[in-house]
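Input: one structure, supplied below.
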Amino acid sequence: MSAHAHQQHDATGHHDEAGSVKLYVTIFVALLVLTAATVAASNVPLGRWHIPVAISIAVIKALLVLLFFMHLLGGSRLQWLVVAAAGCFATIFVSLIGADYASRDWYLPPPAPLEQQIWQPAEIPPSAPADKP
Amino acid sequence: MPSQFRFFPEQASTFASRIDLLYFVLLAITVVMSVLIFVMILFFMIRYRRGSKVIRGPQVGSNLRLELLWSIIPLVIMMGIFAWGADIYFDRSYPPAAALDVYVVGKQWMWKLQHPQGKREINELHVPRGYPVRLTMISQDVIHSFYVPAFRMKQDVLPGRYTTTWFEATKTGEFHLFCAEYCGTDHSRMKGRVIVMEPAEYQAWLQSSTGTFASRGEQVFNDFRCGSCHSPEAGNRAPLLTGAFGRPVALVGGQTITFDENYARESILHPQAKIVAGFGETAMPTFEGQLDEEQILALIDYLKSLSGQAASPSAAPSAGSSAP
Amino acid sequence: MKMSAIEPRTDYLNAGYSVRSWLLTQDHKRIALLYLLAITCMFFIGGAAAVLFRLDLMTPDADLVQSETYNKLFTMHGVIMVFFFLIPSIPAVLGNFLLPLMIGARDLAFPKLNLLSWYVFIAGGAFTIWAIVHGGVDTGWTFYTPYTSTYSNTHVMSTALGVFIVGFSSILTALNFLVTIHTMRAPGLTWFRLPLFVWTMYATSLVIMLGTPVLSIVIFLVALERGLGFGIFDPALGGDPLLFQHLFWFYSHPAVYIMVLPAMGVISELVTCFARKRVFGYHFIVLASLGIAVLGFLVWGHHMFVSGQSVYAGMVFSILSFLVAVPSAIKVFNWTATLYGGQIGYETPMLYALGFVGLFTIGGLTGLFLATTAVDVHVHDTYFVVAHFHYIMVGGAVMAYLGGIHYWWPKITGRMYPEWWARLSALMIFVGFNLTFFPQFILGYLGMPRRYHVYPEEFQMLNVLSSAGASILGVGYLLPMAYFTWSLWYSPLAGDNPWGATGLEWQTTSPPPTENFPVIPTVVTEPYDYETNSDQTITVRRQGEFAHE
Amino acid sequence: MSSSAGALAHHFANIHQQRTAARLGMWIFLLTEVMFFGGAIATYCIYRTLHPYVFEAAGRELSKPLGTLNTVVLITSSLTMALSVVAAHSGNRRRLLGWLAATMGLGLVFLGVKAIEWYTEYAHHRVPGLNFTPDELGPTAELFFACYFALTSLHALHMIIGLAVMGVLVRLAYQGRLGPERFIPVEVTGLYWHFVDIVWIFLFPLLYLL
């Protein structure tokens, strides 16, 4: 946290005027194109690649809205900090929950052949000394 | 039931001594650190009390070396404790291959235990001393937790999924069995006893059982006419189950998983969840709500007996029945 | 009794006595007092539930209340203490009052939101109290499904709604704090000149902003499942109760840091003031606070070691839980080091601070048992866990809260508290607390499970000890209520800076005027520099112990 | 949304400090919304990995054209919202009212299309808890529709809140109290609206396309 004295106008502070109309329209068109792309991609049989393609297109669209429509591009460093915090804590949240579900059946020892499972009537198992100290 | 007051729980399983040793090391660390902090505070409080005539020297703002010292050293010690704990935790989580199976069904405020040899018990578990016992557990309603303090063993019992744990008793006698996960009004009455007996005694106790659990599973298999699809005569309508248990299964979509209790139960209740490769859109109806937990466990035990050579020697004579 | 005849000065207390001026105030100091009132009521409701079931637990079988009532009592104790006392107590009362004063601002960034947060707190409290009055809820404060969603037939929906609403109250407070600290610091007050209490408010607000929404969504999903039959966590449909636990503990573990971080901030203030010395390792304590806030989000899996979570995830969470213990250890060492070479006074706030350091050390170290997977298998959901978190919450957060209230009472009301009564109650609380919760460690390792109404006889002796301690603790908490109310009228007036402490809040009058500072001060030195003004006669003016003096 | 009396509130040093505070306040509030929706979307994603086939089959039952139409409508409303912020800065009251009205109109269209979708699902007996009749997909399909209805109802609720706030903005604009010296309420509402659009940008592929 830089120790900038706060009341003088912080250099990267938002200089209080909005972007140009032409910029917004181009971003709008880009979003429409990406929407069409993601819908088209869903009709193409991509098999395993469906999910990564759809997610990456959605991320690009979200970035476009964030950077231009929400003035993050010209915004102060604090706004970037907030977006970064949201990003990494959401990933912490999803990845650690995912880690549990992914690693649930990593290692399962194969069950013993049946005759070992069923209790053998007569012999006393060697591993059980009379009484542990 | 040993009801005289004690300060330390009995050690009655192979894990008890290992966990207690780790507990004592942690206890030692706690006592040493607490005493160290208390003595330093008391010393400073007396020596530097307001108005005491003692030279205090220049005020030290901070000291990087000291700070690093008292964060790296505790971290290293803790990583050691972690490794030791993780090792025991790993052993505790995966039962040994050769273990005596017991099926546990937790139900709101009672434990139902089922031995493969057919013996069925409520809130009581007879086990032989010195032989590993694997518990395959499921709940019929809410989350319970199978907890035997003397064995230092606890495992939550989930509705909808099998959880397994194991122990090897080293001392004969009776030990408390508690439910450790809050499960409703009589959560504190969902108690029971684990009775550890000598192996010969246990064998005699077992003899008085009629019909194995696998035979009950076969009964359910025939009642619900599973054989109409899962049999060689039915051609290729459903995967053959003989010898399938425990081996990897290739699924539609390229995944391969092992054919274990959870997969069997899920396929019985939600057949579309994981379809075996080569069997396309399955016409198998869901048995959700028609089979209770015991029947599913019995079916699974029957599937296990199908994958073994001969059924258990003390099984009912119908071992080699016509069903596949 | 002769009131000292100084000319009456208008301050935030006598700036208007009408009910409207209190209930529609936008002054952060008055909102802090409104919170103080609401929180004290909640504390005694929760405390009453605790005393009741502690009495019942003196006998192995159910003698005082039936099992349903016992379950409702411990749930009520849990829900009210966690959501309505521990989480809001220090941030909403001390934080609201002191943050603008400490950073030299006239008020918080969004005064209207601040008042809204109090009303949201009251609305949440109303729903929960309504549920309790109409028969209570018996799911435990953790609301585990499927018991909460399908099997419990008590007032789960209204309690869930109450907790859902009160979550927004702490979100609004945290939002206010973050924006105020970022944008409204006094000239010259850079980040590393901020008092440590402000740093812990910052770290706590971060944790609240990132954690509380996940609690809201999980309560919303459980309410959907219970109310509309959307079987989201229903195992019969393929749902997973463990997913509920993941979402719940993702918030609820950072929530315990929401409770203890502000307490650490108060203790940093108290220890430096009463040792009359700069804090040892200021930058390290700041880093430790932020470290706790961030690492606090990585460790929630240690609540689920035996609940069916995968073994490997358990190991990952175990390592991370050990990591999060390091910053807390650093703080305890730094407080102890601060005492070295100081001029230590033993007024009541210092007694609470030293009590906190001692008990928090034991609480923190017993946490290591629970982070170790193997030992947790044995002690999970037993009284060992109950003792651990009470050592941190009651031994830590409540002690620090009381220490903070005593320390800033002159600033809030302009009057001192009676010193010897306060020391007596501090001692009673310390003794009562240890007698209540230390036997529970032994009970826990013996294997007595949590939330047990009926237990085997061999646990009875320790339970009786614990119940005896609980009654002492109960009386210990009633004493401050009495003498604080009494001090409002009969205690001698305290000057603007009775403790001779550094910090902007002590440079304005007490009680401060509505606009806090006649002129916004400029900060030139770093916090807690007691050397430069140690020439002031810092002897605390010997207050007459009783009013008649 | 900051104080309505004159532009500068008493406890702020200058108007720039107040604006930074308001903007930062909204960004931090959006941080909580990210975690709020994050929890719901994570639940859906976890269940999707647990039951891939059933969720894919059930997902095909949703009408992709209506989903695409809704996405286009919401992106257009994001554009009109951005243009209304430009209009507020330039002080052109008529255009500000126009763009705000357009944004609200598009929002209502979105909710209308959503209502149609929900009705068709209701007609096909796919609403869990109400009239869900499990077909050959088995009971897990109900889990998919439970997640679907939870996510979309949460999103719709946030849209309704956004429309309500815009209603207040229209009234303020109509009274001429929004202009170059007081545009923060429009900009802050714009941030909120764009966030609601981003949530839908993620919901659309997750629910409809995968």
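A, B, C and D are the chain letters, set down in written order, and residue numbers restart from 1 in every chain.
What we mean here is this: a contact is a pair of C-beta atoms (placed from the backbone, for glycine too) under 8 Å apart; a residue touches a chain by one contact, two chains touch by 3 or more.
Predicted, not measured: the structure shown is a model, and the values here were computed from it.
If you compare B-D with C-D, the chain pair joined by more contacting C-beta pairs is C-D.
Chain centres here are Cα means. That of chain B falls 45 Å from that of chain D.
Computed centre separation for the pair chain C/chain D is 35 angstrom, with centres defined by C-alpha atoms.
Each chain gets one centre point, the mean of its Cα atoms, and the points for chain A and chain D are 21 Å apart. Centre-to-centre separation between chain A and chain C, using Cα means, comes to 32 Å. Among all residues of chain D, those that touch two or more other chains are 13, 17, 20, 24, 28, 31, 35, 38-39, 42, 46, 50-51, 54, 139-140.
Looking at chain C, one finds that residues 182-184, 210, 214, 236, 238-240, 242-243, 250, 311 touch two or more other chains. For chain A, the set of residues touching two or more other chains reads 6-7, 78, 85, 89, 93, 97, 101, 105, 107.
Contacts between chains leave no pair untouched here, as each chain touches all the others. Against chain C, the residues of chain D that register as touching in their complex are 2-3, 9-13, 17, 20-21, 24-25, 28-29, 31-33, 35-40, 42-43, 46-47, 50-51, 54, 128-130, 139-140, 142-143, 146-147, 149-150, 154. The touching residues of chain A, counted against chain D in their complex, run 6-7, 9, 13-14, 16-21, 24-25, 27-28, 31-32, 35, 38-39, 41-42, 50-51, 54-55, 57-58, 61-62, 65-66, 68-71, 75-76, 78-79, 82-83, 85-86, 89-90, 93-94, 97-98, 101.
Put simply, chain C touches chain B in their complex at residues 67-68, 71, 138-140, 142, 144, 146-147, 151-152, 235-236, 238-242, 275-278, 280-284, 305-308, 311, 314-315, 318-319, 322-323, 325-326, 329-330, 332-334, 336-337, 339-346, 354, 357-358, 361-362, 365-366, 368-369, 371-375, 377-378, 380-382, 442, 445-447, 449-458, 461, 531.
Residues 252-253, 270-275, 281, 283, 286, 288 of chain B are the ones touching chain D in the complex.
Contact residues on chain A toward chain B in their complex (touch as defined above): 105, 107-119, 121-122, 124-125, 127-129, 131-132.
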